[in-house]
Amino acid sequence: MANTTTYLGLIPLLPLVGAAVIGFLHLGTCKGERLPERFYGLLACTAPILTFLLAVKVFFDLRGLPVETRFLSQEVFTWFKVGEMDIAMGFLADPLSSLMLLFVTFTGSLIHIYSIGYMAKDESFAKFFAYLNLFLGSMLILVLGNGPVVMFVGWEGVGLCSYLLISYYSEDRSNVLAGNKAFIVNRIGDFGFVLGMAFLFWAIGSGGFDYISLKANAHMLPEATVILVCLLLFLGATGKSAQIPLYVWLPDAMAGPTPVSALIHAATMVTAGVYMVARFSFLYAHVAAVGVFIAWVGIITALVSAIYGMYQDDIKKVLAYSTVSQLGYMFAGVGLAAYSAGIFHVFTHAFFKALLFLGAGSVIYAMHHEQNIWKMGGLRSKLPLTYKTMLIGSLALAGCPPFSGFFSKDEILYSALASGHTGIWLVGVLVAGMTAYYTFRMIFVVFHGSPRDAHAFDHAHEPPAVMTVPLVILAIGALFAGFLNLPALFGGSQQVTHWLAPSLAEHAHEAAHSTEIIAIAASVAAFFVGILIAWRKFGQGAEEPVFRGFASFAYHTFRVNEFYDVILVRPYKAIGGAIANFIDANITDIPAQVIAWFYRQAGSLFKLLQVGYVRAYAIYMIVGLSVMSLLLAQSFK
Amino acid sequence: MTSDLVFLLPLVTVTIGAILLMLLSAFEKIRIEVSSALAMGIFAVAFLIQLVPVGPDDVRPFVSLFNGILLVSDFTRIASLIIIACGFFTAMSSISYFRQNSFATLEFFSLMTFAVSGMILLTMAQELITVFIALETVSLSIYVLVGCNRRSVLSTEAILKYLILGAFAGAFFTMGAALVYAGVGSTGFAAITDAIAMGGLLQNPALAGGLLFILFALFFKVTVFPFHAWVVDVYDGAPIPVTGFMATALKTSIFAVLANVLLLADDIRGTWVDMLFYLTVFTLFAGNLIAIGQNSLKRMLAASGIVHTGYLLIALIAVSGDSFSGSVILYYLAAYAASTLGIFASLSYLSGNDEKRRDFDDFKGLAKVRPYSAAVIAIFLLSMAGIPPTAGFMGKLYIIVTAFQAGQTALAVLGIVSSILSMWYYLRLIIAMYFHESEDAFEVSSSRSAPYCAFILAACVLAMGLYPVAI
Amino acid sequence: MFDNVLSTMIFLPIVIGLAVMLIPFGSNAARRIGLAASLLVLLLGVRAYFSFTGSGQLEFAETRNLIETLGIAYRLGVDGISFFVLLTGAVLIPIVFVVVRDRPRAFYGNLLITAGAMAGAIAACDLVLFYIFWEIMLIPIFFMIGLYGGPDRRAATIKIMLYTVSGSLLMLASIIYLGAAFHAHFGVWSFETIALTGLDLSGRTATLAFFGFMLAFAIKIPIFPLHTWLPDAYTEAPAAATFLLSAIMAKIGIYAVIRFIMPVFGPELVHYAVPLAWAAVIGLIYCGIAAIGQKDMKRLLAFSSASHMGVLALGLFCLNIQALTGSIFQIMAHATSTGLLFLLIGMIEDRLQTREIADLGGIARQAPIFAFFFAVALLASVGLPGTSGFIGEFLIILGAIKFDTTIGIFAATTLIIGVCYMLWMFQRVFFEKGNDRTAGFTDLSAAETLAFLPVIVLILLMGVFPQPFIARIEPAAQNHIATVQATGRTSGQIALDHTLQQH
Amino acid sequence: MIHDYLSLSILLFCLGVLGVISRRNVFTVFMSIELMLNAANLAFIALARLHESMDGHVLALLVMAVAAAEAALALAVVILLHKHTGKVDTNVFSLLKG
């Protein structure tokens, strides 16, 4: 078959081998002399760069195929086969996964390079890169997996790496707790994923449990099953992609090193949920109601997290909530069956959000690990390059034309309007304004005005080239990535949408150009309003505000963490403690204890009968004999 | 005629030996050690003679002389072997015992030999008064053995209780024999069989009542509930080797008689199968319930002996006349005898001067000081509890199999349940021996005979468990 | 030696174990002898692996009559299921002798005897023989807990003994009932496993006999609410004994359900599958939640093990091929991961004299290799894809969904419950700041690393390439499912004829 | 005629049983047991007459011999008891119990 390849499996394998080699070397040398950082850095960057090259090859190979059969696949080995279940360790590259592949390996490579600078002099330098490689490998399995089960391997693998990297500075309890939270919350999502897979399997899995077969058999599914499966899978997506109600782990995940936040918690892993919904578009497209539900969940998440973002004082928290918010947009897009718009936003977001995080990392690096924006200020002069690149990233995030974020976000909002979901659109426009506000609040407070901490300001300096070069490259991406999917209105041909079309079951929302113009105008207006307010409040330097009332409530993220703690975590621990310390020993064990008690009591009763008087014993005998005689007399009748 | 003599020779040997020992002790010509060695020699000779097989058919030796009141079969032969072996090991272990308890008299071994001769006779007797005479020979000897520590008030109390109740039961036996005589006109077993064959047991109330009295007396001897109450006190008061001897040899011989009586006619078992069922169940549970509350080892073992009686009763109920079930009883008896004798042999030397270590707590930490002694005791206990790979397990297996085969499912299950209950107190001793720190130095006499005895018996227990083909 | 490979694998450790106990070797010598013996067994196992054909028939069979009148025979043999359980034990046991040091020689003797008896229970093809080994394997464990256990060891020994012996004695009654039923039908006695499958049982007694078996296995596995002996026993036992209990003995319970209950009591199993599955699911949730409340690492792991055994048990009762294959696969997977965890915790206790989670911290920094191994085992036990734990758990959940949707959904909560306590424990013990106590923690030595490494590799290998294992398991599992579902009890007919011919 | 003998025998036997279970004096208890044995002897003799065989006589003689031996032992025990406590009350001897 022309579509089979032999190199697809290499793509996830290379980073995994890299992780194994680095990990092995690290464990082997951790007791004695360590190998130089430069060696590990080179080793670690090899795999991502190679995978990027392979990803490019995949892209061009796909382009060479006719649209109808535009996919590449490779079944490496039979993973497990039980009864009607036959799961192959197989990989599939189609336009959708190749797009993901390109930007994952691209940003991944850049972030690996950046990390060499950022993590310099860290005592477990090698361990960090082992994790990073492992993450990349898992992410690639997730993207390339040819069916849900293989995807799940990557899905859980990235969760694991996320946990390991959040807990990276493991001496601090709060970091580990954040890691635990990420893993556990993700597992709640995975619970949905696994159940979704199970129901899907028993419905149509016997005909093959890979995407191609599933897609072919999807028409046999009853609608109730589709709804159930779609909702369960979406539960998985809310866990991985930090949507309501499972978004709580992502802000805490900022405890990890900043490149991790850039790679995992902004650019790649968190978008897995969106990717998954797009992957299963052949199911979601059948149930519009579920799609609308997803869209609403997404847009409300976007709104809520944008509100949080407006009040945060930690530079990474601001970015984290902006990530949650942008993910909300993406779900709004895929929910409304505008899959390519959602995926396109994933694509552009990867550039500008990675850029913003790496920029924030540079700032933090320069400020000696200070993250509070109210301790910064005026850094524009000290970090000119970082400032410029971050400005580009912020403009893209805020949706300023013609930066990449503008096109992708606009496409989602346009779909909402075009498909008649005016409510979603209105909220979306509102969130766009808020995004512009909090992004530029950050920029103004950090880079403009006068320094708030003179000492730290004096020591701040631009990071080394190994860190700034990736910033520049990403900034270029953030600037121009939007043009790849230039809509017809601006004379483009929507190349990305067309590229993705074979993979997605998309309904095109056709509407008049006027609608599109309204959507664009609203977005641009929202952007300018947001940035204007930010300028008015923070443009010339401002003092740290004191939050009261709603602001304080929003600063504390509506106390959702505390709420979960009270209604879920504490009761769970209390029940656990009760079972462990009381119920198991005193209630569950009751039958055994009753038997034992009864036995002992009966024993003491019989002990009492052994009175020691010989006459008593004679009486027992006579009584016994009498009963025997009576029995005999009975039998005479 | 010569072959008849061979079958009677063990009985004759033991009886002559007993008389010889009595004469020697009357003149106080020998020491205790020599006396016990002589007794062991007598038993050894008798044992070897007894090994001569009987052949396929049962033999009534010297029919003209004894008028068929004796019968020799494989069943009686093996029962006698067990009894003689019990005598042998008791004699062996008592040497060590008497090193630490200074009330030994030369008559001790003579009386024991007499008891054994009575027991051998019991297994062969086919006539009620012969049974009575043999029973009294055994009982009278054992009464004296129980009370042979004349300085101990406990020992005297034990003999009083045993004597009163034993004689009481014996009187019932006599009255039972009289009633049988009234119903049948003879006290021979063959006549009883014929009488039942003619019209059934229930057609002959005197016979039925007589047999009931006789069963009662025998049940008393093997401690069937509710005739069991004496056993705990008597075992407790008696010297340790005597207790072991009573628990094993006496029980073996009485069960031989019981099997003989119940096998006379199917009608006997048929009539009383319900009664036997309830007696068995109560015996099993009463034994366990008494044992659970005991602190003294001897009392616990006495009570556990009641439980084992219950198991043997299961086998008796399931006996269906074919030889297989008889062998089940004998296998169980042998297994039980080996473990019980073994544990009493161990106690003979471990209990120390004047039996000062009596309770569970006194044996705490034994394994730390005397690991091998503790190990053999553990083996005996596991055997009594019926845990593989010991003889006790195979014995229980046979009994449960027989019960299922005979359709006595309820009894089989109750037997198993009782086995679970008995784990409780057997484990208690193991835990005391192994899992506590020792508070005692466990100094014992220098005599090695009881320890050797215990080791040999432990080997027997394991060998019987691993190669149960002997059956 | 290879002619009687199974007998050798059983009796070599037993004989050497007895010798070690009786002959006054030094502690270290005893350990080395034990290691040599267990390695020899492993070698034999590996050798057997290559001559194992996986035909679905009994291989390496040995037969010798023990008691002809009762048809009790010394009958050994392995098929796909039992052979892999046997190998799991053979692979794991040598590690104990590397890791557990400085114990009295009797300790190593006990270990060897248990190992041999376990092999016997797995390879036995005669119910009475099985019962004998089943009981024998408990006795050394009993002594190991009582002699070398923690402060509350005595209560723990009484509890484990009374629970397990109660179960097994009732099983004995059921075994004999089967033999008697066979005798009633065919006029000869037999306890041969395959022959008994030809029995046509019905009625109340058959149900009782079914519960006799089920109770024994449910206690050993354990299935809720019969698990209450487990926390105490696992906690008080020395690490090596806990390892044997969790890694092998509990698995023999699962194996025994497949081997003895499924072929003989198919209709009863089908009839009671739903309540039994519920018991398993409740146990899995209950013990999983209880684990979070523990302060002692080992106790936490004990509850965790009980929780996971609920998953395995559930796989048995779903009665479909996915779940059953999952359970059998999980026997090996869980044995390796949990066994490893117990051994590693034992090492922590040996080195730091504490198991209290609150007293520990920062071990990952002190001992990265140790922490890595622990983490791999932990991840396998929470069922991370790519480790051995995932395949079995996934198949079982899948099968449970097919069996009963509600049960399946509850079963899937194991995904969440497992990580909660495991991560919490890992955080407190391996992460965070160390203290004076943990500062002295030394990493694994080269020998220890080498001992653990094969198991770590096995965990990953079974996660990535499970198919070679599954391919050998699946036909046997398929047979069992077919037998149960047919409920006509016909599959044993051929073997039955064979037995009858022998008599 | 035979019924009268047997009735007497049974009456005597029952008296013996009552004596054993109601009296505390060791002598009385042993005498009651002798009474029971003699009741049996009476039955044997009477039955021998009924069956017109000598068996019963022989049996009675044997029983008497055994009873004598038992009585001898009993007296020895009584003396021993008296030496220990100075009492012949069975209730005194209940040290072994429970």
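Order of writing sets the chain letters: A, B, C and D. Residues in each chain are counted from 1.
Here is the rule we go by: a residue touches a chain if its C-beta (ideal position, glycine included) is under 8 Å from a C-beta of that chain, and two chains touch if they have at least 3 such contacts.
As the structure is a computational prediction, the values presented were derived from the model and not from experiment.
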Can you identify which chains form the pair with the largest number of contacting C-beta pairs?
A-C
Centroid from C-alpha atoms only, then distance subunit C to subunit D, rounded to Å. What do you get?
65
Return the distance between the CA-based centres of subunit A and subunit D, expressed in whole Å.
97
For subunit B and subunit C, what's the span in angstrom between their mean Cα positions?
43
Cα-centroid distance, subunit B relative to subunit D, in whole angstrom
26
Residues touching two or more other chains, restricted to subunit A: which are they?
607, 610, 612, 614, 618
What are the residue numbers in subunit D that touch two or more other chains?
20, 90, 93-98
Note the residues in subunit C that touch 2 or more other chains, in rising order.
none
Contacting chain pairs, sorted by label, are A-B, A-C, A-D, B-C, B-D
Within the complex, which stretch of subunit D touches subunit A?
17, 20-24, 90-91, 93-98
Where on subunit B is subunit A touching in the complex?
160-161, 164-165, 168-169, 172, 202, 205, 208-209, 212-213, 215-216, 220, 225-227, 229-230, 232-233, 271-272, 274-275, 286, 288-294, 421, 424
Enumerate the contact residues on subunit A facing subunit C in the complex.
23, 26-27, 30-31, 77-83, 85, 89, 149, 152-153, 155-157, 160, 163, 167, 170-173, 176-177, 179-180, 183-184, 187-188, 190-191, 194-195, 197-199, 201-202, 572-573, 575-581, 583-585, 588-589, 591-592
Hey, which residues of subunit A end up touching subunit B in the complex?
599-600, 602-607, 609-610, 612, 614, 616-618, 620-621, 623-625, 628-629, 631-632, 635-636
Can you tell me which positions in subunit B touch subunit D when the two form their complex?
129, 132-133, 136, 140, 143-144, 147, 150, 153-154, 156-161, 163-164, 167-168, 170-172, 174-175, 177-179, 181-182, 185-187, 232-234, 236-237, 293-294, 299
